[in-house]
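Below, chain A partners chain B and then partners chain C, in two separate complexes.
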Partner chain A sequence: MDIKYMLEIFPQFLSVIPITILIVVLSAVFGLLLSIPVAAIRIRRIPVLSQLMGAYISFTRSTPILLQLFLFFFGLPVLLQLIGFDITNIGAITAAVVCLIFFNGAYMSEVLRPAYLAIDKGQHEAAESLGYTPFQKMKGIVIPQMAPIALPGLGNAMIHLIHDSSLVFAIGVVDVMGLATIMSGDTFGMKQVEVFLTVALIYWGISMVSEQIIRLLERRKKRVLRKTGYELKEEEAGYSV
Partner chain B sequence: MFDIMTVFESFVEILKVVPKTLLLALIILVLSFTLGAMITYIQSLNIPVVRQVIGVLQSFLRGTPNVVLLYLVYYSLPLVLAWFLGLFNVTFDPTSLNSTAIVIVTFSICYSVFQSEIIRGALHSLDKDQIEAAQSLGYSTTQVLRKVIIPQVMVEALPDTMNAFLIIIKALSLAFLVTVVDIFAQARLVGAQSFSYLEAFVAAAFVYWGICVLLTYVIDKLENRMRRGYA
Partner chain C sequence: MLNIENLNLSFGDHKVLDDISLEVKKGEVITFIGPSGTGKTSLLRCINLLEKPESGRITLGGLTYDFGSITKKETLNLRRKTAMVFQQYNLFKNKTVLENVMDAQIVVQKKSKKAAHDKSMKELARVGLDGKADAYPHQLSGGQQQRVSIARALAVEPEVILFDEPTSALDPELVGEVLKAIGEVADSGMTIILVTHEMSFAKDISDRVIFMDQGRVAEEGPPEQIFNHSESARTQQFLRKFYTTTH
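Presenting the complex of A and B:
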């Protein structure tokens, strides 16, 4: 063990952390945006689309994210060519972000759907009888109640996303993990343990920080929930697909 | 550019490694379940320092991605083993460690934490009165475990455990990094042979999808059947 070496390489990792964060934030935001229509289609049970979305969710859940990354990396250019764009090679970061958005759209829609369904029907009816427009109903009644229920799931999705983003090095993105693989080659196979231990600590740190942020939001959620009287269920064990 | 026939050929090639992948996943599941049960037991004892150490370990394992852990174990386990065996004057060549063993060790440790949480949740669902009733009827500890606790906890833990099985199958796709050939690694090899990566990956996706759909169906049936017995 060479702790001095670990401290030496740490600043180098700091310079690539923004890439990891960029990928995570972009995929989280756009994944959430994508998940809203997916969840809406599933809730409304729109005939053909609903089945399609079901297949889409089942697909993303049952194939490894690594495989999906490669599928997008090799498949996106082919797809784009079919539509008429002639791009033989897309950037690795683009492919990674598109893939993670695709993956998260399905994942988060499965968080949003139960949260929406948990809201009492009476709430909808009350809002409608008071003459709320659908948009007003969403903004004033549905979302404020949905948010606290969906938060733990979304937080879980976030932690998963951080972990999944470590796989994008496989298609050639130089993020934290990518730099680590390059570095472990540079040291002629001597200091790999130190390199990967540093990376592990960095990811641990990132996960801890995001967990704290989620906790903070959850504390607020509990305060909100106490007002509405919604019964909080025991948190689901650990993790889901 | 995209050839359906190649997809089919790759599909057949990839099917050959499915049994191996499933077996690997099963070994990891059993090992992680055993480890998880041990962790749950040790935590229930509430020994001051040990509890904190396990807590930190759990947080570490949950906070780091599998790839990083896999690489970490891949590079450090042979050294640790050589050092450890050196204490007993056994010479051990660090390079002789099989990478399949490394994959098994890594994922067993990784998922033991999640398994321990599943087991704890299942134990929580068990009514304490039942154990007391069994004890008052003069059951021995093993009898209580065998006849009261395990049958009920198993039903409770089954869905999550099988979920973990599917997760392990998918996580094994990382094994290609340390040259273990599973479904995903096979797809890469097949793709490299014919320069048709996309077709091979599409075939692999269908293999994974098929496995998951099939297993989910079987588990649902099994769970229904088990629940009927103890409803």
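Presenting the complex of A and C:
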């Protein structure tokens, strides 16, 4: 094994790590934003829309994410053309981000929905009876109580997302994994182990950093939970990475 | 001061409140008694619109609201003039005792933090819990939680406080402290509508007692009349049954 070679190629990866992080952060943030209306529609059981969202969630959960990436990459331009935008190539990164936003919107909505439903009806009614607007009630009473319940699920979504983002190389994005496949080709397969081991270490690093961020939030959550009197179960406290 | 006219409420085909009319004077204490499932809770919930009646009108604080056509803004307005004390207390779990009492003053009434804080400490002192200001609800006994919820209701200075069986979720030894707090609220001149199964308390505290049966007002009058000289066979039957099963 050529450790010197690994140290040599590592700096080249530094230039593509931001792409991986960009894809992950955009997908996480906009996925969470998307998941809120999806969860709301399902909670309120708005006819038709609710069934549509159910189908969307079921579809994203039951098909391989690699397949979804291809669908978006090849399908999105066709769809855009149908509604009048003439773009034959939307760019691999855009397709990847849009796909992962949709994937996470579905996944996270299924984290938010049970968290919302876990809040006692009496909490809503107490706020309503005092004349809180729906927004004031959500902001001051409901979301603060949902947050500690939803956090483990959102943390898991984040770790999954980091891993899933490594598949975007398949549609031609030069992220960490994409660069690795290029390099492995350039060396005619001679240094494959070194290249992919370097990549593995990088993903490990990124996951560790995110895990630390989640743990920080986790500590806050435990404080909140202790205050509110919920008992925290052990399996809820850890993350499957 | 509070006037309800021809209130009707149904859940599907089930008519729960049937043409209820009620006039309450300022400072009056009105107690509703009656068999289970008769609509007492539903009536209180209609008054602050946790349930929306299909028809009827309510006048409170000089404004009349038509239940049939009430807007979102009117709903908030009416709710801000009433306060509810729930059977299960329903204190905000994520807030301290003090924050529970302060929150609506800041969020809804837009009071300054200082004004809300001072008002809240005053109301907590009234129910004897200023020493627990920084505790969280789950650290308190049921009786203490219910007293905090009374302070929370008082702090928004409503026109009327609605109490729905405020002691029926409590262990018997905790009932007294909550009744005492309610008694003090009544003495201070607050207008109160109370639903309770504590008959001797109702007799002491009420200016008027209303016996409800199957969604209607079956009999009403001063406590002395309802409890001792009821003219309605139905009331007498209810009270007789009540005393023989619980005493």
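The criterion applied here is as follows: the second predicted complex is superposed on the first by the 233 of 241 C-alpha atoms of A that agree within 3 Å, B and C clash if a C-alpha of one lies under 4 Å from a C-alpha of the other, contacts with A are read in each partner's own complex, and residues count from 1 in each chain.
Operating definition for what follows: a residue touches a chain if its C-beta (ideal position, glycine included) is under 8 Å from a C-beta of that chain, and two chains touch if they have at least 3 such contacts.
Being a predicted model, the structure only gives us computed values, none of them experimental.
In the superposed pair of complexes, A:Phe59 makes contact with chain B only, with no contact to chain C.
When the two structures are aligned on the shared chain, A:Leu71 is found in touch with chain B, with no touch to chain C.
Contact with chain B, but none with chain C, is seen for A:Met177 once the two complexes are overlaid on the shared chain. Touching more residues of chain A than its counterpart among chain B and chain C is B.
By the touch criterion stated above, A:Leu33 is placed in contact with neither chain B nor chain C. Look at A:Tyr203: by the touch rule set out above, it reaches chain B but stays clear of chain C.
In the superposed model, A:Leu14 lies in contact with neither chain B nor chain C.
Comparing which residues of chain A touch chain B with which touch chain C, the overlap is empty. Touching chain A in their complex are the following residues of chain C: 48, 50, 76-77, 79-80, 82-84, 86, 88, 90-94, 103-104, 107-108, 136-139, 149, 152, 156. Chain A meets chain C in the complex at residues 120, 122-123, 125-133, 136, 140-141, 144-145, 224, 227-229.
Those residues of chain A that touch chain B in the shared complex are 58-59, 61-68, 70-71, 74-75, 78, 81, 159, 162-164, 166-167, 169, 177, 180, 184, 192-193, 196-197, 199-200, 203-205, 207-208, 211, 237-241.
Interface residues of chain B, counted against chain A in their complex, comprise 1-2, 59-60, 62-69, 71-72, 75-76, 79, 113-114, 117-118, 120-121, 160, 163, 166-167, 170-171, 173-174, 184, 187, 197-198, 201-202, 204-205, 208-209, 211-213.
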